[in-house]
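Before I ask anything, let me first share the structure, which is written out below as structure tokens.
Per-chain numbering from 1; labels A, B, C and D assigned in written order.
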Amino acid sequence: MDKFYILTNSMKDRDLKVTGQIREYLDANGKEAIVRTEPLADGAALPEDVQCMIVLGGDGTMIQAARAAVEQEIPLLGVNLGTLGYLTEVEQKSLIPSLKLLLDGNYEIEERMMLRGSVYHGTHKAGSDLALNDIAINRTGSLRILSYHIYVNGSFLNSYSADGIIVSTPTGSTGYSLSAGGPIVDPKASLIMITPICPHTLNTRSIILSANDEITIELGEGRKRDEEAAEAAFDGENPIHIVTGDRIVIHQALRKTKIVKLSKRSFLEVLRRKMGADQPGR
Amino acid sequence: MDKFYILTNSMKDRDLKVTGQIREYLDANGKEAIVRTEPLADGAALPEDVQCMIVLGGDGTMIQAARAAVEQEIPLLGVNLGTLGYLTEVEQKSLIPSLKLLLDGNYEIEERMMLRGSVYHGTHKAGSDLALNDIAINRTGSLRILSYHIYVNGSFLNSYSADGIIVSTPTGSTGYSLSAGGPIVDPKASLIMITPICPHTLNTRSIILSANDEITIELGEGRKRDEEAAEAAFDGENPIHIVTGDRIVIHQALRKTKIVKLSKRSFLEVLRRKMGADQPGR
Amino acid sequence: MDKFYILTNSMKDRDLKVTGQIREYLDANGKEAIVRTEPLADGAALPEDVQCMIVLGGDGTMIQAARAAVEQEIPLLGVNLGTLGYLTEVEQKSLIPSLKLLLDGNYEIEERMMLRGSVYHGTHKAGSDLALNDIAINRTGSLRILSYHIYVNGSFLNSYSADGIIVSTPTGSTGYSLSAGGPIVDPKASLIMITPICPHTLNTRSIILSANDEITIELGEGRKRDEEAAEAAFDGENPIHIVTGDRIVIHQALRKTKIVKLSKRSFLEVLRRKMGADQPGR
Amino acid sequence: MDKFYILTNSMKDRDLKVTGQIREYLDANGKEAIVRTEPLADGAALPEDVQCMIVLGGDGTMIQAARAAVEQEIPLLGVNLGTLGYLTEVEQKSLIPSLKLLLDGNYEIEERMMLRGSVYHGTHKAGSDLALNDIAINRTGSLRILSYHIYVNGSFLNSYSADGIIVSTPTGSTGYSLSAGGPIVDPKASLIMITPICPHTLNTRSIILSANDEITIELGEGRKRDEEAAEAAFDGENPIHIVTGDRIVIHQALRKTKIVKLSKRSFLEVLRRKMGADQPGR
């Protein structure tokens, strides 16, 4: 690796101190580094020959970076500047030894599946986007109940009257899906998970499907048979507006996010440390 | 009882057939009856000397009626025109015998506690309203995480990063609270219940307090320490806009909703019939 | 208060150091103190004129003490020798100042409702006991599904195929009921809660009733219409054997447990501290 | 297919009427059929050259058959004699047309992963068995809390104080795992799921791992540091006794259960029909 792109969340590295340390280290080792301190909406701004993106921030910054980097399949190395994260690999205190491992080639690449969601208004494709964590269809505006019709590989599964529906990857299991009551999934597992948000039924369980299944969600009519509106959000961002009758078709994306792993620290270890704080018990 | 007010959900009694039957029966028995087929926003339109409101529709119509009738403490008799309800007492097929029981005085009045919520912007009281089911504080607009600080009788209890917070009565336990994972409560129990909506923690349990406790919810700052906006909805309606720093103070209302009970059919029987359909099991 | 009874969990005060400190302090202030370091099965061993029981251990020791002390309505002061407890009032580091408050009369008495459960084999009363936390009906022996029929005030509510059923007080909401998915209840609330253990249905919600309701649980037949056996445990102890057809009738006990409160530290503060550790979140 | 084995649950086909219909049809078509009406503990009683096992009963009978048939990899065709099942393919009313499809070769074979669990007492292997649904480690005898230490691929994950631990396959997601709060999994997904039973913590979520992960569960000490005893059950049967310090090592079994699929009716359709009854809602 010779050309690096440093993406910094400037809310978390306010004086760019850590960013500076990384740039200096790369300079001293004859590597090229481009620094960006503004959010990266997509991959258009990325030079073509970048070989590794170093991301400073938290899991949120990593998720944004993943969406930008996926087209060119640039591996991401996360440097954690906040609370313990699932996606960030390097803690600040071990920054320089970690960079040394990276430059020495002592790393592995872990692949994470992503979702592609395409919104159809009749036969017109109204939009399409990627998500590393989840695609959530949700009301906009004031509180009210929407109805969602779910199909799997073209067969009707179920209708929910609910606040919304989350479709998530294994990586996304610790995100919004967890808040809605979903299980915890090792990112090495291969699956797609559907979790209703506040469904108006006693059945609130997540439904877990094969990674190869295709899920279609159709927005139903309102309570008074009128047209309703909602939003499909991709990793909580880039919302696409949908109305009654629109469908969003979700399946595994062609490309995967590549994450640089320097240590043996696994998802399960991070999970254990997070659960370790969770023993209020009886 | 000599003077009746008939409130009809005209979506459910489209040709006013049931409404007409009731009016005829009351006429034939020398009773006065006023019919309204428009939603009733509050009690202003109600004549002062109404002694009983007959409500045609479902639980939703009953909840609206409750908010209008509470000031004058008018008892409500619900006639169910939809699926089995918790609040409606009379099924269509037993309409006339039920009206006979009512006119003969063969009924009891069941009281249901209500909540009063008052929104404060600093020391300014920005609004106040009643709820029979619940007061829900919820984001408006696109999906994003809000923070809520909860106080009970002035003491700090907990902060939630969540989509929202529901404070509900026993009557409201089968409403939005159930969707958010809360327990089922017999309306004769005396308590107030707090249930977070999609909290970003593994702790999603409802917290149940005494009916006399006072709950304060303060809207916190956004993720980037900016001002956030949300809405407090009363039984899902009449939203009051709130911003970061605003507080909503919730306690038992002075007045209770009065519901006419003609039969021995109890909440538990309705619950049992609803749960009876719920045996997918293993 | 002049006559004290010190009940020590000798697993937690192994060299009786804390027990000794308390006895010395009471001696020095001219008070009488009886020490017991063996578990107390019931109130038979308690002298009649004891005015306060000081309990050294954790919440488990307090629960045992409560069952023994309730007949004579002796107030309990808990000294915590383990992790933060809901029932123990005094931490070791503030032991002497707390005893001073007690002897000076600077305390309040908090009452906690208890449950009485009576087991009937036909019309024969096979046994009866008290619980401060919960009465749990549960299989004995190997894993298998039992059926339980629930009645409230004599009316049938529901049948569960389940591992067991927990009936709990507000105090018990942080015990076995919490493990089975139940909500958290302020002990000042007035209610009885039913929570199924691993029911074979998607409906796992707790059902909350008035404190005055009477709950009857009947053990059903086994899968092959044979006789089944189970156990009713009172605060996890003193099991009474039951077989198919036996009923256990549960209602609020006549007497309440009296707990000495020296500080303003409330249930909600303990809850907050326990929840404070519980923010793994997203 | 020329040689069939008919395994009948004689509780459900009491006069062997359906069994007789099947035998007659096979006879009339020149096929050999052996009938067994006693439970089949393992595969020892099965003739070597059986090409298909027809199983009459419910999902429970199918699970028992699966454990017996797996060694010889005999495909199973389930005939449902009870409520709608996930594993039984044929309804009674379409029995003869279904058998015709089978004899005409109009079927597919669906493979289901199984688990192998081996119990170690120190280095001694105390027992080993297979499960199609789940391996559950559970207390025996009276209610009390056990501690379980969980390792994944040799790394410590978490300890639970709980009634027990369920490790399940996708097929098992609609069994005991569902009762304990786990999600619903399409059997075509590839994963292993861990669900604690009544854990004494607010964290009750299932943990989902790759199908290739190896899970070790060690039984911990009792509350008083004494030796505890429990049982590992395989699909709810064939319990192996374990004591404190014993470990059970669980991984995907080498062989899979083969299920004959005659129709397009999928897991999702059965799930939908079961969920269809589950709309008590609000």
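We take it that a residue touches a chain if its C-beta (ideal position, glycine included) is under 8 Å from a C-beta of that chain, and two chains touch if they have at least 3 such contacts.
On a predicted model such as this, the values are computed, not experimentally measured, just so you know.
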TODO: Go through the assembly and pull out the chains touching chain C as well as chain D.
DONE: A, B
Task: Inter-chain centre distance, chain A versus chain D - centres from mean C-alpha coordinates, in Å - done: 34
- [ ] Just give me the whole-number Å value for how far the CA centre of chain A lies from that of chain C.
- [x] 45
- [ ] Note the residues in chain D that touch 2 or more other chains, in rising order.
- [x] 176, 178-179, 200-205, 275, 278-280, 282
- [ ] Based on the touch definition given at the start, go ahead and assign the chain network to line, ring, star, complete or other.
- [x] complete
TODO: Using the touch definition up top, name the residues of chain A that touch chain B in the complex.
DONE: 11, 136, 138, 140-144, 162-164, 176, 178-181, 197-204, 224, 231, 233, 236, 239, 275, 278, 280
Task: Contact set on chain B toward chain D in their complex - done: 174-176, 178-179, 202-203, 205, 274-275, 277-280, 282
Open item on the list: Under the definition above, what is the set of chain B residues touching chain C in their complex?
Closed with: 152, 155-158, 161, 170, 173, 178, 182-186, 188-191, 193, 199-203, 205-211, 213, 266, 268-269, 271-272, 275, 278-282
